[in-house]
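One chain, subunit A, appears in both complexes that follow, with subunit B as partner in the first and subunit C in the second.
This part shows the complex of A and B:
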């Protein structure tokens, strides 16, 4: 039982990092109906920004996160301008966006490989000194930090989407971009905000992922997990993305704990295929159109 | 003249959809554009709303050149109730109306307009917290029209408001258009139901294959034998 609770907490912690990755992904999907595979590259660079902020600038966690988040927000917005905006002007079909996204993803990965090399880099141990003990359960300080920061950020995002005017505009645009346009919503600006928000949370996710695991140029591949989480929760649905990501984190932690860590990714992708077969719209998805 | 369209050309989807259209809209009047499917009626309204680009011609609104961006056009005082309603199905009725007032910041006046809309459409007040996707077709059309009123426009563009509605509801919708006129709104109405449109309009244009082929006071147009045969289902005697 203690073991179970231990795995559960680990699972929720890693799940909340996945959630920070997934919401950015899901927001873009909900507005523009394509899978932004460049998101992984943004997360990877966020992780490097944080790593260098801590190692070179000797920044504390909060400052490193802030630097990484600033960098990734700018990066996400620039990618939107350079890679997607020209397609939108030509009213290209969503397949073109996916190809463009993959191109950006490969470009970011290779620019890091070429300049920094293929090494895995470990963050300095900022939080691993000791944990909290409750009963027989030990919780690492880092996991507590991830849980707190993750929860605050996700609630902040939900508040923004549900309660503010720009949030209403984002929701309206995701249901019907043309109608939102007719209401006077500057949908270009909504797209800009959505990429910015996705980038902001990607930076935070990158730093926390790097702290918990490690940093390497191909780490953008973990967005495949964000994709699994988004499909699991229902593509385009924000609460779905969060629930999907945390469920995925828990399932992975259980698989690692009770079976083997080698099977972790296998289980994640078996889950993806199973959902696509059984319930293509996910837990709370908006529709079962093509999931590109 | 409130709206003055001169020599408007629009290319849309590889088609020369409007070929030099001239239309004038006088303030406080109901102007209707009738024509068959594919004549270019919706293209015209979307060009006015700025969601389709014009390739040639000029549009003046209240003596000024019409802005190009859709949000500027809404601010200038033109709103569109689009064909097929295009309501936000996952938002509540009230949130849909709030979207109509998206560009406004005058809170007190917005509340007054909410009251106006709920007075014209009591059904929407009853359902204000309901998700819009659960409304019936007629209620969705009412919501789309209420939403069009919420930007406090001077000119309302109505695109096929009676499409797909039961005959009783069609009458209700046309009564509402007269209510809008009574509120001082100017209306540009695009309709396939030419008979009903001509019965409430002041002035009418007939659009065929991207060109205006006839215009005149609505009762005159309704009496024209060619129009009666082509659009009003009457045989030549």
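This part shows the complex of A and C:
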């Protein structure tokens, strides 16, 4: 039982990092109907921004997170303007967006490799590594911080979407972009805001991830898992993204704990495929036809 | 406007196409003023997860090539280095090896820096008849597979069975450990190789393996595996993979209250290990290729640090030795023909900075190279002892 709870805690800890990343995918998907693979690159740069804010500017942790989030918000918006806006004007199919997004992702990774090099960088420790214990169960302080920050920001986001005027506009646009536009919603602005929000969360995710692990140019690869979690929870649904991410974390931990660490990814992904076969729109997704 | 942009982009792509080929072309012309040019290749990871090692190797070899040229060249010819990136992948290593042989006409290839890449070079080298001297490719299959030697693959490092066996024997005999746990990267040849031979040796000596857990390359989260390991109550934990994951493992293990001794292989030492987990790594022991306090080692370290502003990684030392072996083979053969160099490499003896190297003609491995056991103390690797198993 003690082991079970420890596995559960490990699963939730990794799941909450996935969640911060997953939401960015889902937000963009809900409006634009394509998977923004550049998100991983933005998260990676967010991690670097936070790292340099702490080491060079000697900023305290909260300020570093703020700097990183500002940086990634700008970056996400700029990417939207440069890479996606021209496609939208031409009414290109989603496939073009995806290819463009992959291009950006490779570009971001390589620009970091070319300028900063392949070295790993490490955030100075925020806490001593020792966790605290309840009975025989260890809980990492960082994990708690990530969970708290993640929960606050995700609830904040849901509040924004559900209760504010811009949230209403986002929901309308995600329901039907053309119709929303005809009804007087400034969809250009909505898209702008959605990318900005995605960037904001990417910055936070990057700093959290860097703090927990290390920073290096290929770290954006972890977002493969986040993407899987987004599909799992239902692309385009915010609560779905969060549920999907936490479930993926827990499934991975349980598969490692009770079956075999060799088979972890195998089990997690077989489960994913099974769920998609049974329920193609994911756990909480809206029914869509084009899921790529 | 849009058309102009399209035109510009395609122009950039076309220019890109040419610039990637140019290093090969001018080399042939510029050699005119210093006599003929002869090319030596280097392959390894300049990008990807292992890029810092590849970059250090390339820098070292470039340094040595310049030195040879300053001293009159190799057999009177100017030596030129063609260094290509494998991105740390075996399939990419195959492609660049073929390119070096077919387009650049290199006489020998140095590197790559890991087993996965080196395994990819085997068919390309056999087809092209050019020898390769790997630096830190420690998987046995790189030079010797199924009782047959790969005719063009050589190496200057000792092999995985040896590292794994040394770690197991040292833990059992010298540290008095009897219950070992292993965490390994199942998608890495290097890691599975070390694991296999560690377990074999440890069990042969009479110890038990209480837990064996795996992860995949790219993973950063090992807590669940470590929870399982902790409940198996080992007295030593073997971590046969690279410093980034090793550092993170140590951190997460301590966080879970798993306080056993850590032991590992040559994937540990890096200037960056201490950034990740300095406190958690204290007292950790690992098997390595050299003793950092050795004067020969320090000479090179100083030379490299002066030139590049940071100390070399472990790979630099073996890259140095690989180059010295290549140079000795050319001089012994007194020929720049790849086949002659291959023949000369068999049985060659060179005093390298990582130890005395004698290439066994039967297996193309250096024979009887002793391993060094090092302990992490503060930010230093303290030499403990030279250790070998039969």
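Everything below uses one rule, namely that the second predicted complex is superposed on the first by the 264 of 292 C-alpha atoms of A that agree within 3 Å, B and C clash if a C-alpha of one lies under 4 Å from a C-alpha of the other, contacts with A are read in each partner's own complex, and residues count from 1 in each chain.
Please note the rule applied: contacts are C-beta pairs under 8 Å (C-beta built on N, C-alpha and C of every residue); 3 or more make two chains touch, one makes a residue touch a chain.
Predicted, not measured: the structure shown is a model, and the values here were computed from it.
Peer 1: Between subunit C and subunit B, which one touches more residues of subunit A when both complexes sit on the common chain A?
Peer 2: Touching more residues of subunit A than the other partner does is C.
Peer 1: Which of the two partners, first being subunit B and second being subunit C, lies in contact with A:181: first, second, both, or neither?
Peer 2: Only subunit B is touched by A:181; subunit C is not.
Peer 1: Once chain A of both complexes is superposed, is A:265 in touch with subunit B (first), subunit C (second), both, or neither?
Peer 2: In the superposition, A:265 touches subunit C alone.
Peer 1: In the superposed arrangement, does A:138 touch subunit B (first), subunit C (second), both or neither?
Peer 2: After superposing on A, A:138 lies in contact with subunit C but is clear of subunit B.
Peer 1: Would you check which partner chain A:257 touches, where first means subunit B only, second means subunit C only, and both and neither mean what they say?
Peer 2: second
Peer 1: Of the two partner chains, subunit B (first) and subunit C (second), which one does A:115 touch, if any: first, second, both, or neither?
Peer 2: Neither partner.
Peer 1: So, does A:222 touch the first partner subunit B, the second partner subunit C, both, or neither?
Peer 2: After superposing on A, A:222 lies in contact with subunit C but is clear of subunit B.
Peer 1: Common interface residues of subunit A with subunit B and subunit C?
Peer 2: No residue of subunit A touches both subunit B and subunit C.
Peer 1: Residues of subunit A touching subunit B in their complex?
Peer 2: Interface residues on the subunit A side: 165, 168-169, 171-172, 175-176, 178-186, 286.
Peer 1: Touching subunit A in the complex: which residues of subunit C?
Peer 2: So the residues of subunit C in touch with subunit A come to 47-49, 51-52, 55, 186, 213-216, 218, 220-221, 223-225, 227-228, 231, 244, 247-248, 251, 254-257, 272, 275-277, 279-280.
Peer 1: Can you name the residues of subunit B that touch subunit A in the complex?
Peer 2: The touching residues are 49, 51, 69-71, 73-75, 79-80, 82, 86-91, 95, 98-100, 102-103, 147, 151.
Peer 1: Spell out the part of subunit A that touches subunit C in their complex, as residue ranges.
Peer 2: 3, 6-7, 10-11, 13-14, 110, 113, 117-122, 129-131, 133, 138, 140, 212-214, 216, 218, 221-222, 252-253, 256-257, 260-262, 264-265
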